[in-house]
Amino acid sequence: MIPVQYPHEAEIVERIQESPSVFTLRLRFTDPQVHNAYSFMPGQFNMLYLHGVGEVPISIVSDPQDGCMYDHTIRAVGRVTRAMAALRQGDRIGVRGPFGRGWPVEATAGRDVLIATGGLGCAPVVSIINYLLARRQSFGKLTILQGVKHSDDLIWREQYERWAQLPETEVHLAADVGGPAWPFHVGQVTALLDRADLRPDHTIAMMCGPEGMMRAVTHELIERRLPEERLWVSLERNMQCGQGNCGHCQMGGHFVCSDGPVFSYPEIKSLFGVAGF
Amino acid sequence: MGDRNVRINVPLLARVEGEGALDVRVKEGRIDELKLVIFEPPRLFEKFLEGRPYREVPDAVSRICGLCPVAYQMSASHAIEDAFGTEPGPWVREMRRLFYCGEWLQSHAVHMHLLAVPDFLGFNSVIEMAAHYPEEVRRGLEIQEIGNAIIRLFGQRSVHPVGTRVGGFYHAPQKAQVEALLERLHRALPLAEALVAWTATLEVPDDPQEFVAVSLRHPDEYPMNEGRLVSSEGLDIDIADYQGHFEEFQVPHSSALHALLEGKPYLVGPLARLNLNLDRLPQPVRDTLARTGVRFPSSNMFHSALARAVEVHYAIVEAIRICEAYQLPETPYAEVRPRAGIGYGCTEAPRGILWHAFAMDDDGRVVKVTIIPPTSQNQARMEQDLRWSLERLGLEKPDEELRLRGEMVIRNYDPCISCSCHFLKLNVERL
Amino acid sequence: MSKGKPRVAVHKFTSCDGCQLAFLNLGPQLLELAQLVDIVHFAEAGMVAPDAEVDIAFVEGSISTPHEAERIRAIRAASKQVITIGACATAGGIQALRNLHNASEWMADVYARPDHLETLATSTPVSEHIRVDLELWGCPTNGRQVIGAVRSLLFGAAPVDERDKICVECKRKQNVCVLVAKGEPCMGPVTRTGCGALCPAVERDCFACYGPSDNPNTGALAHRFRELGLSERAVADRFLFINNWAQAYRVEGLKWREQENG
Amino acid sequence: MGEYAWLPRDGLGALLDALKGRGYDCIGPRIRDGAILFEPLETISQLPWGASDRQGPGFYRLADGNERRAFHFANGPQALKPLLFAPREALWRVVRNEGGRLAFEPIVPQAPPRAVLGVRACDLAALAIHDAHFMKGAHGAQPDLQYAARREGLFLVAVNCAHPSATCFCASTGDGPEVRGGFDLLLDEMEEGFLVRPGSGAGGEVLAALGLGPASEEAVRAARRQLEHVARCQTRGLPGRNLQDALFQKLEHPHWEEVAKRCLSCGNCANVCPTCFCHTHEEAPELDGASSRHYRAWDTCFSPDHSYLHGFMVRADTPKRYRQWLTHKLGSWHEQFGRSGCVGCGRCITWCPAGIDITEAAGAILEGGQ
């Protein structure tokens, strides 16, 4: 096991600017021992450390099978992430992880998979999408619903378009505010559910994004008779340690960093949407 | 010069605390008018202290000056204790001396290394100077830091320390802390001796002049918190009688009040103190001074720098003495029982006597305050010195040289312009 | 930040000079700092270029004269980042007590010829005049704060905004609470961290020289002070002191002052 | 009753010497700045002989005790927490070389073995929780390097309480006043001396080295009476041992707003609480930028950054913050640790500057049945 009480050096192998405020860092641990020992599951995250500035929790977006590099897609919003935006290929950062419980990959076996995301919520699910697509035969239909605030916020448009071409795969996009080059739906993600052809008793749903959006989708899906235990959400809370120690991420009795960040709906139902938890 | 009209405008005088301007009008080869214009945005401390409870006063007056907060706390505490009839006792008395040593060390070290010495050596700043005199600068910073450490021992921080209360201190340092400090003081002693020797080698203009020196004088100590007010012309009065002999008045060109002693400008500060209290220095300090070959009392104003170095040495020797005898007290302060009355406090701030008068009411609230800081007392003397020095330098000299000498003269007084002032512009008008 | 070393200025307004000492008391670190940044203006330390364009302008002091009000606007125009240092620049300082009184009357009491003085009726924080990028609180601001800000900016990151309560630092230092163990009217529960909880460490009450914290429950603390035996006037004094012009304190203090006056 | 040895009062010094002789740095209660705190202990004369305390909501004063007793006081503001989970400490250090490479290194304190005298039942109950949290990875964490280094070799001399304070309610939580385990040696203080009992191999060795005789049956009976008396003196209590379900049904109770009017959101309750473990991380780079230290520092659910997410605070106001503290401490703690997070030490009551009483708040919220 790699010690995660302190970071390990990683090199930025590649840096991709996805949109004016979003960038992807492709990382590789420099210590071969760490590199070999490291493995993760879709939905897990790392604590990324910027020298002298601090650490932030960031999901791993790459496919776990692509064992030589780990991608992180980051939106520059505040102190640490904005400073990280200045990183270039060849720069070094610190990485601790992987942390948390990822998506329930086993539970997808033989089922249709619905993935609903909002905002940059797509980052944590990209990994599971890639993971599933690499094991196409083991599950049924894949439906991807992605909502963004403004049409300009959509990153990875080509990727969505590529996925949309795959067999038994549907992609539906929506923006609260559309634009000239936006051929897709204008409005809430929930409206996309009408377009998707859902088979409630065969479907498992995974959600990620703003909690309001996830709550809305959850309610819609429950209305459509999806069993609660097949609804999965990925949560965000303030995290300092990443491993169930610092107490910041608690939501009721859960440590979101280690019990989650991915939860089944019944696990968190009682406090989901209660202001203050 | 004829009727050529020259105006030199130096936007900002460096290395003094604050902003002011110097206006010099030269007429027929003589200085016709000279004004040290101090623009101190008035902060009205004397006014807003009225009605405040005595408990707050040490914390409030400290904010008059970031360079000598201890001095303000000491003068005010003494004045209020005087008004209340509080006797803080021997432990507090000794510790106040130690506390004050800290301020002399830090303030003198800052002035010598960051403000004045670069003048003598021809640098604009300590950062430039450090490249050529790394050892000397390091030594200065070390002395400054030990001064800060003494202030922190009682007050937690060196600027606006929080440990002083009327009646003494809030908290007594632990013995182990004092022992740790003592060790540092012993290490600093040779630095201070070296500083005295080195300062004596700095080349300064040799230009004696006549002036009146004023300081406190104590029966058996070098003065800090107590004593009578004496002058080089035989004044010897109780501090309560200050206003009977000294006159404070406003001049149109300055927001800092000026003061005269029986109608004459006078000098306060290290040179005045040393000139008047040589016999109160302990032997080792006198010996070190004697080895420099410079004789005191001195009438060379530029010997102020050496006087500061001597006081640095003295402060370390004195601090060692106090720390060696340190005992934890039963209580670090005397209980205070407010009563109506007027009290006076006069202590030796790094820059000279700082005089306070506090009128208090029965609830322990302030009724009226008068504060006379050293820099306003030195102002008339500075103008006198500037006149003398610039004329001696020769008014026909280029403006730049006049300006440099003018600044040097001013800085030599270590004017605490925060207790008073701002931008220093030199306007030389030659008519 | 522009290429090469960032250019830094330290400006003084109405103040005691104490916050500039946060730099001058750095010791050897001051020389190190001078290697990392280009200190172009810092009059007290000998660098003079008040109008120079800079990346970071530190501003000490409140705005209390018409000339200062002009000067601060010029500094804003010439600086990428303006960082206020200390209670004067950030909240108007102790001298803002004049704002609650008739300043011209006061002036006449201190100076025989007040007409020789040019001053505003108020002493106000820099942020009432220009946009400020970062405020470092404290009377005085300390070296850790200024170095922390500079270092963060050198790393290309915004400095951390410290807004917890003094009590947090106080407990970390394992001080004995003076409010509980001595009944002192400690302002720690409504005051911002940064100093290191200095006052309780010497067995005395915090007097709020670091200004209001996040989410300050001034009303609850004022009531607690009353329970401890403070008069209405004494409660008002607690709030109307070093940071009297800071909104949270001003409102609470004036409330008690009015109650006292009936 | 050979179970208890008898240590005469003037033999306490021998115990201290025996501990020092085994290489322990000794820590014990001492008076500092108006309270009784755990401080380095050189001689037993430094113990608070003859001192006691009076405590109430938001109130603590030293008081006269009994000259013949060194432990005749109720716990002060600290438990063992600051000794093991340091209020602020560096976790790791990083150095960046010229080429931009980063070298990370954990900072593990050089902790000499320590012996603590005067540990109470509530302190030991809290210690068990922190051991589970920091060392045994109750929530999946790898063992905490710093905590573990200090915990290793900690020798605990416990004392049964003989003087309860008005804020104690350990009897109600079931954690005291009688010490039941987790110690190396256990003392009952009587006027003439101490009953001593070992609780571990190490404790047994120290005890054997002291060569003490057995305690009299009378002394044992007196000690028992003393302990029972202390338990009876406690007047405060919680409405039940497991309040999780009850509290989470009362999330909208108006009393949350009521408490918040008085609550200063200062976090003192959580900081003095021996079981609270929240901490924040801080970065402290050197000025030259080449190296940096990553610290952790005590934090509480009353701080703004505790629940901060970019652009949004989960708990921006005091009702939410106080509710988080109480529902975690008395509620969701059960889910996390299989017990309540409250050991009944009463510190949060005494050291709350506003004098808010956790037992009263819980009572008010659960009034009318759980």
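Lettered A, B, C and D in written order, each chain numbered from 1.
Assume a residue touches a chain if its C-beta (ideal position, glycine included) is under 8 Å from a C-beta of that chain, and two chains touch if they have at least 3 such contacts.
All figures in this text were calculated on a predicted structure; none of them were measured in a lab.
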Those chains which touch chain C and also touch chain B: none
Centroid comparison with chain B (C-alpha atoms), farthest chain: A
Contact-richer chain pair (by C-beta pairs counted) among A-C and A-D: A-D
Whole-Å gap between the CA centroids of chain A and chain B: 65
Separation of mean Cα positions, chain C and chain A [Å, integer]: 43
Between chain B and chain D, centroid-to-centroid distance (C-alpha), Å: 50
Rounded Å distance between chain A and chain D, as computed from the means of their C-alpha atoms: 40
Residues of chain C whose C-beta touches two or more other chains: 151, 155, 160, 203
Multi-chain contact sites of chain A, meaning residues that touch two or more partners: 51-54, 78
Per-residue multi-chain contacts in chain D, two or more chains: 33, 285, 289, 299, 305
Chain contact topology (line, ring, star, complete or other): other
Which pairs of chains touch, using the document's own definition: A-C, A-D, B-C, C-D
Footprint of chain D on chain C - complex, ascending: 29, 32-33, 36, 147, 150-151, 154-155, 160, 163-165, 167-168, 171-182, 186, 188-190, 203, 214-215, 217, 219-221, 223-224
Chain A residues touching chain C - in the complex, by the definition given at the top: 50-54, 78-80, 82-83, 86
Chain B residues within the chain C interface of the complex: 11-19, 41-48, 52-53, 56, 59-60, 63-67, 69, 106, 110, 114-115, 118, 123-128, 130, 137-138, 141-142, 144-145, 148, 154-160, 162-163, 165, 169-171, 249-250, 252-253, 255, 257, 418, 422
Touch list for chain D against partner chain A, complex: 91-92, 94, 96, 100-106, 133-134, 137-142, 144-145, 244, 248, 251, 277-281, 283, 285, 289, 292, 294, 296, 299, 301, 305-311, 314-315, 319-320, 323-324, 327-328, 331-336
Complex contact set, residues of chain C against chain A: 151-152, 155-158, 160
